[in-house]
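Below: a set of structures, written as structure tokens.
Both of the next two complexes hold chain A, though its partner changes from chain B to chain C.
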Partner chain A sequence: MRTNRRLIKQIPTVLITVAVFLACGALHAEGAIEGVVSATSTFTLTARTGYVSTPDGGSYLMWGYANGPGPMQYPGPTLIVNQGAVVTVNLNNELTVPVSIVFPGQKAVRSTGGIPGLMTNEAPAGGGTVSYTFTASQPGTYTYYSGTNPDLQIEMGLVGALIVRPATNPGTQAYNHADSQFDHEYLFLLSEMDPRIHDLVATGNMAQVDNTTYFPVLWFINGRAAPDTMAEANSPLLPNQPYNCMPMMHPGEKILLRMIGAGRDFHPYHTHGNHHRVIARDGRLLSSGSGADLGEQAFTTTVIPGSTADAIFSWTGEKLGWDMYGHSNTVDPNRIGANCVADGVALEPGESLADHCKPFPVVLPSQQELTFGQFYSGSPFLGALGGLPPGEGGFNPNGGFFYMWHSHAEKELTNNDIFPGGMLTMMLIEAPGVPLMNP
Partner chain B sequence: MRGKRRFCFWTLIFFLMSLSISSHAAVNVQCPGDNDGDARWNTAGEVQPPNTECLHLAAGDGFVTMADGHLQYTFGFKNVTGTLEDTVMETGMLAAEFPAPTLKFREGTHVYLTLTNVGMVMRPDLFDPHSVHWHGFPNAAPVFDGEPMSSLSINMGASLTYYYQVPDPGTYMFHCHVEATEHMQMGMLGNLYVTPLQDGTSVGGCGSQKYVYNDGDGSTCYDVDFPIQIHAFDSNFHDLHIAVQPLPFALMKDNYPMLNGRGYPDTVNPNPLPAPVENGSKDSQKVSAKVSAIAGQKVLLRISSLATVDFYTLQVLGIPMKVVGKDSRILRSSGGQNLSYLTNSVTLGGGESVDVILNTTGVAPGTYFLYTTDLNNLSNNAEDFGGMMTEIVIN
Partner chain C sequence: MITYTGKKITEGFLLALVCILIMNGTSRAAEYWLRAEVTTKTMPDASVITMWGFAQCTDGTYTTCGAATVPGPTLSVPPADSTLTVHLRNNLTGAYTEPVSIIIPGQKASSYVPVWTDGSPGNRTNLTQRVRSFTAETPPDNTTTVDYTWTGLKAGTYLYQSGTHPAVQVQMGLYGSMTRDAAAGQAYDSATTYNSEVVLLFSEIDPALHTAVAGGTYGTASYPSTYNYEPKYFLINGAPYSASSVPLTAGTVGSRTLLRILNAGLKPRVPVINGLYLSVIAEDGNKYLYPKEQYSVLLAAGKTMDALMVPATPGNYAIYDRRLALTNAAVSGGGMLAVLHVSLNGPASQIGVFQNAWYLDGSGNGSWDGTPPDSLLAFGVNILPGALPVTGGWAGPGTTRLGLFDSGTWYLDFNGNGVWDGTPSDRLYAFNVGTPGAVPVTGDWTGSGTTRIGVYDSGIWYLDLNGNGAWNGLPLDGTHTFGVGLPGAVPVTGDWTGSGTTRIGVYDSGTWYLDLNGNGAWDGTPGDGMYTFGVGLSGAVPVTGDWTGNGTTRVGVYDSGIWYLDINGNGAWDGTLTDRQYIFGVGLSGSVPLSGRW
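Showing the complex of A and B:
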């Protein structure tokens, strides 16, 4: 099918978001996941309404947790605390229904105030408050969400991430063991949406919501559907969807994926480029007592509703069988590896010696025989740019390697009947020395 | 009958198109040592370089038949290795197979895989490129990854040669990644697996000298292996496709659950299914899902899923399933501890694989079943008995 025309409709959004992002990303490099940090580990969330945008032009009523007096956001603020902190979450409710928060994986959560609900105390509708306190005893990736009519309220957007940083090396490890060391970390909060439910709530027909006919047609990473996943964080174009997801690294570095199932469906999440190693689930290292020794190598990890998984991804480009930097030995093309170094062709940092100066194995077809992706640099080599036909490429100014990280339930790569979109983002490996715009 | 008339019409159109395409001879096989472009070393003067394999796949469209007789329009691959370049277009056109031809490589081999896009005969209004995505290839480079947003895909009437230095052993899969939701639902899916360097050596008393992984202890020894891929079609999507209608992405709901592109009882047919007239009577479903072994053998099931919508659970009744690998990695702790486990079911989403060994020692000869326990998927659309099930015959 010719989706190019449809894609062209999306291109203004893509161009703006990606271009703005690439241009401005370096200015607000936090070096960590976007979220809320509090010196006292006390957070104030407000449940209120707002609208999210989807790349197909949709706009949907949501209920979400706002950060204090801020706008409704989907997902709710990522709460970042330190291991051992006594965490207090004060919830104000501006919705017309009672609302609450449960914290799966946290022990002895005490709720004060509000009114008793089925799972926990709730903040009454129309200005009620409730407060939750617990000790974040174990590091890891967690989720929080509404414990009140969760079948409706999580769908409406009342869900978020909780990150507990370990006592040991909290800036570079996910857990108290070196097996969880990372250079860059990114959140992958996966969810889906059935817009009919949102329309019914928006039109005052909440009683007609029927969860037995649930049929999602929109899929999100951190509350955004592709290509918005790749726009800058806190984009003014997406005032209620502040979190992006565009992982970046250099060869040999490690990315920590903090994956959360924030809806009701399972999602098989696939990393192009390499395997990842799942090191923890639900905030516990996969361990028999020695680090993440029970960690599981996978090219696809099933992200389970209400559950979390942490994985480490790395990539070196080794064993390709050709020099990924396109080095060649001009003295003698047959002298590769260490011999090529000896002939004066230096290795890039971390480059595989075995493939050094090995020639590219095939001849690529002529331009008119190929279709080029927007994220292709025009060259097969890392850090290099090549010729592209007019209007092709353009999203890869530094000659990086891009990889799609996406749900392998391919249906979920759509935005309400329009391909491509949904639960996908592009991971970028930049050549050594090229600054990362979203570290 | 209207369909048949339309078929004849488009065939004529495409025949005329192919004349003009072949006159440009843009089909181009790159295979070291092969001089005549058939991706083989079978002519005087042609020398196969050591440790090298060449393959030529055509990507196009075709027809397959569901187990209840429903004809299904598909996209797919055909193996045209051995075909000379100037006849590849006519050999590959309307010859799509489902699943794609199974690809099997030995670890460390240099593979040159040429993909030729022969176009979609039945949809001449389309000019989609195609690609090969080796799903799970470790440390991949975008240029040979086949994911079109970050790399290249090949246009109609032309060829792109992928190079792979075959990586670690295990059960992978491959598919076209162009407009992935559509091309994968349409059937551009296939089994792909890699055998280990340890094969051919005797480790841990493994008589067959065949292993799933370089295990060092013979713990993944097996006697016979069967790739089993989970597939599912939404017939509405396919029917609207051949009718040149807008495609129902949002409404996609699979109603033909399959193993190796077949619903039961077609799964147990050891032969290619009868060729449809609509593709010119070419065999298009060659991969059986029947598992057969002699009692006492270790049977390796290389199970993968390329379903585009749902998760599926597969169960073996009567023979314990030993899971020794997942996603082309041996189940081992980083300390070397064997993490394989016994179960009677495995659950896979799209893009996941497991290696399951059935030890048939002491198993009484007879017929056993491999089937989905998502019981609604034991169906071929409205036909209540069939779907995702096959037989394991122990002799």
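Showing the complex of A and C:
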């Protein structure tokens, strides 16, 4: 019995290069969400102005929550706390209008200082302060945003994410139940923008803003429009948009999607590659009392404004229709799946059994018959590189599989009418053993 | 509101009713008489919008009718009724009118015969016909009465609306809510019991359509159709939020309040509530197998959702459209926002008097029993003979605490033990503003849950808004001018509207001037309130309290030990059957009346 491992054996050389690269550049734990952690669960946010960049060359005035004395950022800092923590958020306001924060999903939020507003106390314009305190009693994905003229201020960028880690396995679960276990977690804070509003504010014509004619032409994941979604986090090129969104995983692993409707429109968020299972909404497990037993499979989840949804995505290559590692059974090519294992060909980690040793079903076209993109490795096998014309495949040095994850309202895949862009990113499956470069 | 009669119903209906009665001896039928009419709504920016609404009439003569409203009257069908009949007349007038009808998606109509664009009902007979009405039409002649009947009524929350040319008529305002409980206090079953309910009906106005209908240009080249729908006003229960909106009473702490949320608009909405979770129990009148715990509700156009809330803390909870329809036309601070007021579930205010000692009616029976839970306390009297009594929740909501005021100096029993312990256990404030004759006032000026202090000085109010016990001037603290020109006026305070915030007022020889809208100024009625309560009782002094525990402060007077309390809240003395009289404090000459939760 002999196994064809030719394709697999290409991995190590690539790996060494990537591993060295990662050892130099990796600043963050694998699969953890970028955000702000405070030992005392005390945060200081400063509402101030700044500009975001869009891939079509646009630059727009925003109002955002900065992390302490940091630059304006869109979205605001992702606040990460532990269940049970008494959270204090001190808000300083450098804007010319009063501003505030509401925390939907948090009970008994007490505000101290500031001036009374419609929904909560507000930090007066021009240097005012207010402070909010609450107990993060339940784990989950939450959002925060301005409760002061939210029709304008949320649009201007005063919105962010709050993550409450559970008491049980806080690093690997979203909730206090194993149904929420994940290997990697990613934030999908979805928003949209009508640039006319930002231009009116920037030119001192705030009184002319008309909410009722809202017409967005830019769409964001974590404050970035594609392809910037896939650039590194904390990129110096995007000083006011620190958060990226490029999910990565190995076969068989689980990704937690923390989805937040941060704008005012619905966004049907669509995962290619497999269904995901929505396990929680608004920070509560979908449960009849036993785990996430009321969770729902979906390939598109409507992300609802102001609301949050958590979903678990997994991928094994199941039903691809061929063995993605290129295994074959040299004893009897017809004996696939468990029979091939019995004949001595081992499964790769996370590999789906059904297609094990199933041959690739078609003859690949010749290069002259193909167009290429930067994501194609030249090979239909995971972790393998095929022959490519010079300059192609540059974004895929490890032979991964890329799946586009995007708003299924296809109009939202544009930046100011230019395709592709907008609410779009790529999910990358890397071969077992390939370190994930993100975030 | 609902009349049961066997005389005014049609023969066919009677036959059906008889059949139902044979099947189920307890079945009854609810009847309503509605009339479509032209009305108007005034928006906060003073725009006047022509609307079509339903008016409710008392019987088939249509001689006694209420005003047409948008939304129309809530059809609250009792659980015992399995059949609903709406008798409809159409009094639409003006440059453009149409026949109208009523449908209730989710309930089974006894007849559903469409009417076509050529005016013929029944089956479609030629391909040029397009549907105009889902059901029989009521012509705009204000004479014809058409009956619409639904049988086998399901429990739940439903939207009723015109089934005729709905693209125009629903926008124009011909919609309302229809509810029916499974049993008294049970929305769907024993698992969905509730103590109080709030209807939140979302809808929108695009003034362009209303102008076209009012001017008779609908369907002409200047306004051919509603194709370019772009709403400018965003309503809950027929009104957009504005500074003068009052909170909706939404039950008490620890009790179950049912929110019936409906969308008669054309766009989906996402009501979000701050500070609470909702248990979403039903959709389109169908109870979920398992409730969903959410702070947001996806409310599609035409949909109804039911949610229970059980608040743990009293106060105001904002519920608003997270799709950000929070403007009135282009102006921020309006739109689909409502404030739900949750009041304390504690006992109603109790009474007491101060006369060199505190006599408190802890039992709440309105008489001095001399034994617990009534109490006789001596807070501060040994150190401050002659000081004025004050009361409040100095450390937050809950039990009312005592205090004394002496020429600008406040001694507050902050720890609530009924004894002056000095600082820091208790609070000593010097609130130095006004003349030596200034009198103390107390209240929760900002809705913080904590009672704060202030003084009233011949019509000028100085209020400690920031709660530090000192007069810091504007803007940290606040002043109002309310009562100037009434030299004999006595200041009164209370949460007159259940807003969660204490408001001010003055009492002058039996006439009360109350700042209902909370702007700190006397605006006359109806913005503010003027009551006559206590006229003719020469020695009467005003006293205010939440006599029923519903979160709203009501008035009363105390006259030498006799208490007259306005229980029904109409601001008038209606006698002891409706209002209440207590005898408490007789013989304590010079005693000062108190109210609180002892």
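Keep in mind that, in the parts below, the second predicted complex is superposed on the first by the 387 of 439 C-alpha atoms of A that agree within 3 Å, B and C clash if a C-alpha of one lies under 4 Å from a C-alpha of the other, contacts with A are read in each partner's own complex, and residues count from 1 in each chain.
Convention: a residue touches a chain if its C-beta (ideal position, glycine included) is under 8 Å from a C-beta of that chain, and two chains touch if they have at least 3 such contacts.
Everything numeric in this text was worked out from a predicted model, so none of it was measured.
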{"item": "Side-by-side fit of chain B and chain C on chain A, or clash", "value": "fit"}
{"item": "First, second, both or neither for A:105, with chain B first and chain C second", "value": "second"}
{"item": "First, second, both or neither for A:149, with chain B first and chain C second", "value": "second"}
{"item": "Which superposed partner A:266 touches (first chain B, second chain C, both, neither)", "value": "both"}
{"item": "Which superposed partner A:365 touches (first chain B, second chain C, both, neither)", "value": "first"}
{"item": "Which superposed partner A:275 touches (first chain B, second chain C, both, neither)", "value": "first"}
{"item": "Contacts of A:304 with chain B and chain C, given as first, second, both or neither", "value": "second"}
{"item": "Touching partner for A:392 - first (chain B), second (chain C), both, neither", "value": "neither"}
{"item": "More chain A residues in contact [chain B versus chain C]", "value": "B"}
{"item": "Chain B versus chain C as contact partner of A:120, first or second or both or neither", "value": "second"}
{"item": "First, second, both or neither for A:288, with chain B first and chain C second", "value": "both"}
{"item": "Chain B and chain C, minimum CA distance [Å, superposed model]", "value": "6"}
{"item": "Where chain A meets both chain C and chain B, residue numbers", "value": "266, 288, 294, 302"}
{"item": "Touch list for chain A against partner chain B, complex", "value": "1-3, 179, 217, 266-268, 270, 272-275, 288, 290-300, 302, 315-322, 324, 361-365, 368-376, 380, 382, 401-404, 408-411, 413-414, 416-420, 426"}
{"item": "Chain A contact footprint on chain C (complex, rising order)", "value": "230-232, 268, 270, 272-277, 289-290, 292-296, 298, 312-313, 318, 320, 322-327, 329-330, 332-333, 335, 337, 446-447, 475"}
{"item": "Residues of chain A touching chain C in the complex", "value": "102-109, 115-116, 118-120, 147, 149-152, 154-155, 208-213, 261, 264-266, 281-282, 284, 286-288, 294, 302, 304-307"}
{"item": "Contact footprint of chain A on chain B as seen in their complex", "value": "26, 28, 30, 110, 112, 126-129, 135-136, 138-143, 145, 147-155, 157-165, 167, 178-182, 184-185, 241, 247-252, 307-311, 326-329, 331, 333-335, 337, 339, 347, 349-352"}
